[in-house]
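Okay, here's the structure, questions in a sec.
By letter and in written order, the chains are A, B, C, D and E; residue numbering begins at 1 in each of them.
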Amino acid sequence: MTTATSKPNILLAARRWRWWEIVLWALALTSPWLLSSHALIINEIAIVALFALSLDIILGYTGIVSLGHAAFFGMGAYSAALFAKLVMPDPLVGLAVGVATATVLGAVCSVTILRGTDLTRLMVTLGVGLILMELANKLDWLTGGADGLQGVVMGPLLGRFEFDLAGQTAAWYSLTVLLILFVLARRFVGSPFGATLKAIHDNRLRAMAIGIPVSQRLAVAYTVAAGAAGAAGALLAQTSGFASLDVFEFHRSADVMLVLVIGGVGWLYGGVAGALVFKLMQDFLSNITPQYWTFWIGLFLVVLVLVGRERLVRPWTWFGSAKKNKTGGAA
Amino acid sequence: MSNPTSNAAATVLSAQGLVMKFGGITATNNVSLDLKQGARHALIGPNGAGKTTLINLLTGVLQPTEGKIILEGQDITNLAPHQRVRRGMVRTFQINQLFDTLSPMETLAMVVSQHQGLGGKWWQALGSNRRVTERCEQLLEQFHLTSVMAQETRVLAYGKRRLLEIAIALACEPRVLLLDEPVAGVPAGEREELLQTVAALPADVSILLIEHDMDLVFSFANRMTVLVNGTLLTEGDPEQIANDPQVKAVYLGHAEGEEAHHG
Amino acid sequence: QDNTFKIGLILPMTGQQATTGRQIEAAAKLYMAQNGDMIGGKKVQLIIKDDTSIPDVTKRLAQELVVNDKVNVLAGMGITPSALATAAIATQSKTPLVVMAAATSSITEASPYVVRTSFTLPQASVALADWAPKNGIKKVVTLVSDYGPGIDAEKYFKERMLFNGGQITESLRVPLRNPDFAPFLQKVRDLKPDALFVFVPSGAGAAVMKQFLERGMDKAGIKLIGTGDVTDDDQLNDMGDGALGVVTSHHYSTAHPSAVNKKFVEAFQKANNNLRPNFMAVGGYDGMRVIYEALKVTKGAGGGDALLAAMKGQIFESPRGPMFIDAQTRDVVQNIYLRKVEKKDGQLYNIEFDVIKDVKDPGKNK
Amino acid sequence: MAELLKVENLSAGYGEAVVLHGVSVSINEGETLALLGRNGTGKTTFMNTLAGATRQHGGTIALGGTTLHKLPQHERAAAGIGWVPQERNIFKSLTVDENLTAVARPARAGRKAAMWTPARVYELFPRLAERKTNLGTQLSGGEQQMLAVGRALVLNPTLLLLDEPCEGLAPIIVQELLRAIRRITREEGLSAIIVEQHPQAILAISDTAAVLDRGTVVHSGTAKGLQEQPALLDKLLGVAR
Amino acid sequence: MLTLLFDGIAYGMLLFILAVGLAVTMGLMNFINLAHGAFAMVGGYITVLLMQRLDVPFLLCLPAAFIGAALLGAVLERTLYRPLYHKPHLDQVLFSIGLTFMAVAAVDYFVGSTQQILQLPEWLKGRTELGEGAWMLGMGHYRLFIIAVCAALTIALQYILTKTRFGSRLRASVDDQRVAAGLGINVNVVFLSTFAVGSGLAGLGGALGADVLGMDPTFPLKFMIYFLIVVAVGGTSSITGPLLAALLLGIADVAGKYYIPKLGAFIVYSLMILILVWRPQGLFVRKGGKA
């Protein structure tokens, strides 16, 4: 085998960090200082990005569509908030608690997504999310019900950095958690384990036929994603100092799906890119026209799909070959 | 390649009284079949006779309505498909079942990793293991896939996809291999070679082959079973089968047909 | 800059609560148009933000307004959780928060910087519970939306009814997103109370009323009573004659007979394509007034604390009637009117026929 | 005999990729063309292009009087194309019967031979008759192949495109099918293009033959001629490697 | 408790009418059209505005709503939807949600965000009561009307889809557009007409539902979940599936809310999850074979 040494690189090359990624993350991590007046929105973007990243693990890599991902987000949020309120205010411990509870919930719920079509999964996950919301509503002695959970006081991060009104600590905290989980997620999907997930995504029947324990893999992926979503929820609760039923709402699940799909599924950066684009655009448009900004967001989505993600960022390809594509091979 | 399948060889895989009903259709009707260790066993029969269904039953894609399946002495009737694979029983599909968004290289690396017990590892990168990559390269060469190893599987020409289909099965290093029309779509010139590769698997690997190309079947098999309408018609060595008038009538057709195939 | 006075108005401008935001925005703009934007030597600037009624967004927007735009006053707040979430920001940054819509009792207790110009549900419900037993309504079933304000309404109505010797046969809570009220109404019908007390957010009021009639409940001798949300002014006219005679209690009606109100309604309708102002609008209008008056007094000096102090205790004649901001609780004290739907000039209105004066939020009595 | 199909200088492919480069082929009425070539040389692409399922970059296709390449895909069936795709592509949510009736169309005027109806397809493949109510996915591989052929026949085409029609069929059915194709072309005046992995099997029933390599025609002539030169055939198909 | 059963059936039928268009576009055309609610809203607003502003009788508004929504559907299919048939489902979701956002904002801009209330004609407002006590059956006339319309629709659709060639040509086009076209099916026309009918049905659903559900710009988002539940539970391969699912859900929801009001929203969701975990393909799926 003459080429023995060069071939494995094909597999490994895709996993290597590129220079622009490093620059990107360096910029991100310094942004709370560089753009200090936007720290709050940076914080929110980081949280949404993390949430979308967690969805990408199941949607992009195993093909499970979920409209109930907010269940785990909400679980993380409420448990982190309750933990801070009732036990201790340290953010990192609270984060761990949020992740842990969401992971457990994910493991429990994973039995519901093992079978069925896209549509069934969509609805089952949605149902789970809504039921949790109803539960949080009914358990008002614990959760504060529809008014939201008040009186959450967060301690300083690492015992030193207080969460400031301008949101710099919050932004930095969320970005760091995002980065750490991103790195982990990247390891995860680039591993043999991740490859088996993609295989399941592409062809479940064959995946079974080569000895992949499909249900178990899906359950693990779903649980891991749930944990990451829990982290995002916990970050939201901690950096905003409260939790409301809204964290379980259907629109959270729907929004995060939008965000992810905008950025593109299955490459982990989709969530980050989507969160950045969607949130900034929403912020920008709703400042200009608080009443009708949804129209322009809608228009953006429509154009994005019609023109295509790749071509949208390359305007010079807009005119040209589109016509000839008429009978292009269907794939 | 005919002789030494002694009757003494142990039975590796045994189907006992399998019945499979789809609604009103009985696709498999009380079929019993023994696959001996090291056998090169062919399963033939008209279209719709229930050959694929039998493989689906053996591999656990379908659950039999009745009957038992014994693999190396153990009842595996209720095991999940992937558990049967772990016990060494691997199949190919009549209609390609591939991983469309992975490249052949990724596909094989994934399969080999899974087979070597690394499938659950999530902290190391796919392809960082030397044993895995070397095995992959070997398979790619063997199946003439090296030139297309980095393309997405879904854009490959049919023939290449077919090769990959078989390569995946072999990557699992099966002890019992079930092949469902493996060379369909492979050009005549490459069929022999492909089947040689399969036949050249270690002598203790047991192989069950479904194939309609009689030249290949007769050059490959040392034992044959004929299935008709879900029922076992006859079993015997290739010579017996070739001359069996019943088999000729329902399956082989006239000698002219043979001619059409071979020229 | 030093010479501007900024009001950060955070409202739900899109989504299911959008009407709240629209009414308040229109009223606030109307107030500014009527009173100019140079007050006490300062130029008043209104910054409107859409929070889509998601509490964490409300909070983030408030934070940004305080930190980046350096607003002097926060205002708006369409729903209770938004107000509660934002209260912390008000406290932390010592910025007065003028709540113009949210109506759960506890909001003013969430921060010493909260001032409310809308109403509280206990206020409205208690007045009705005082009126009902005196008018032959003894047995009542309550039906409320299952969320903060609904539960408030149920609780205070029930308490006061029992206190007044009435009887609550059953308390039903319906999910917020509930397309069909049939099973609940059928249940009520089978219970045969004297009246059904309803609180649902305004959009759903019309549906309840329609299905109430369709089920023939009025004919079965059951009266429909509720807080004013059920016969919300801006939809009342479309509800049709079926609504005639429904009795509600509320702090504002478009038909409130006073000169101040007449002027307000006319100006509002003129500026907004004939849209009727409802109780949301008046909350926004009065909220702006409270801010303006405080600014006049302080002339912008002394920051948030001075402003807050100037807001406390303001007494004035609002389109809704006389009202004042209780200096202790910072909550609104106002008249609650009992109204009946009647036809006037071919249009349906909530016509006030009784009043309970100077109602304090009963939620603060403990 | 009149010329039925004339393909000139055809280039086509998928998306930006061009697979066929300047292919020219012609067929007379009632004749059968055997299309040969190694894997991935563009045989399927050629068939798909005639059926309108690829992206055509250049060249012309004339079928009888019509300029086929200008027609949208769905009108090509009406113009006389009967397509049996390589991967069969049975409609999976239709039953066997619906697969046939959904596309069936009457023969065009002036056709001498009997019309193909679902009933006649069931005569040709009795196996299908037994499976009339099965869904497309509930058929064995061979049954799907039969159905794909039957589905093309009920279009009552003038030109049949058979992309590896014998794949996966039992020998006895293969014999029957090849006999049927020969009968249909000889007696009913249909023309056909057949792609097969067994060159000998189809050369025997074809009139002319063409060999593709890397998207161009590297040989064309009579089927008989090629059949009689096994060495040339092996060379063209690269069997020896 | 016949009244309750009646109410449940009527509620189920209403859900069905709203969802049936989605069952057509999503189930039969395999296009995830989350803008379904927007078409329903168009039908609803056509009805409300015609009645309020032009005093058109209710019965005339229904066909107008159907046609209006169908025309809009046809135009959008030709211009925007068509290129998306081959795109991944997720892109379809993105696109149709985008369209919904635009519709919501546009209606808000042109009509305003207040809820529009529709006044039914007198003959539909009444109620007929039969029997006494526990066996009393009270039927709202409007609910009766909905049931009748719905039954007629179901029969018509079922006939078209299973008994006519159009149905199989449609499903063939969905299964494999490329090959269907290659075999002479005019896929474009098939899709165009189906999409138009699906949109028209949505419009009709919106028109019929306007009275019960109310019409405001957030309608498409507010009720999306319900459409989806019906289609998911019913399975997407037939018309009867969603119908039965809608009836089941309607009756269960009404009965549940009557007998155990505390559980309110839990009932529908739990029922849905149980059904779907038990029968992941949906409750009523089309099975082949000679079963």
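Going forward, a contact is a pair of C-beta atoms (placed from the backbone, for glycine too) under 8 Å apart; a residue touches a chain by one contact, two chains touch by 3 or more.
All values derive from a computational prediction rather than experimental measurement.
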{"item": "Chain C to chain E, fewest steps along touching chains", "value": "1"}
{"item": "Distance in touch steps, counted as few as possible, from chain A out to chain B", "value": "1"}
{"item": "Relative to chain D, chain with the most remote C-alpha centre", "value": "C"}
{"item": "Approximate Å spacing (C-alpha centroids) for the pair chain A, chain C", "value": "37"}
{"item": "For chain A paired with chain D, centre-to-centre distance based on mean C-alpha positions, whole Å", "value": "49"}
{"item": "Centroid spacing, where centroids are CA-atom means, of chain B and chain C in whole angstrom", "value": "74"}
{"item": "Chain centre separation in whole Å, for chain D relative to chain C (CA means)", "value": "75"}
{"item": "Where chain E touches two or more other chains, by residue", "value": "104-105, 108, 178, 225, 264-265, 288-290"}
{"item": "Where chain C touches two or more other chains at once, by residue number", "value": "14, 18, 22, 146, 175"}
{"item": "Shared-contact residues (touching 2 or more other chains) in chain B", "value": "22, 25"}
{"item": "In the complex with chain E, residue positions of chain C that touch it", "value": "14-16, 18-19, 22, 146, 172-175, 177-180, 182-184, 186-187, 202-204, 206-207, 210-211, 213-216, 234-235, 238-240, 275"}
{"item": "Of all residues in chain E, those that touch chain D in their complex", "value": "165, 168-169, 171-172, 174-176, 178-188, 237, 286, 288-290"}
{"item": "Chain C - residues contacting chain A, complex", "value": "11, 13-14, 18, 21-22, 48-50, 54-56, 59-60, 63-64, 66-68, 80-81, 84-85, 88-89, 92-93, 104, 106, 110, 146-148, 151, 175"}
{"item": "Chain E to chain C touching residues, read off their complex", "value": "3-4, 7, 10-11, 14, 52, 104-105, 108, 112-117, 119, 125, 127, 129, 138, 140, 142, 211-214, 216-218, 222-223, 225-226, 253-258, 261-262, 264-265"}
{"item": "Of chain D, residues touching chain E in the complex", "value": "48, 51-53, 72-78, 81, 83, 85, 89, 91-95, 98-99, 101-103, 105, 133-138, 151-152, 155"}
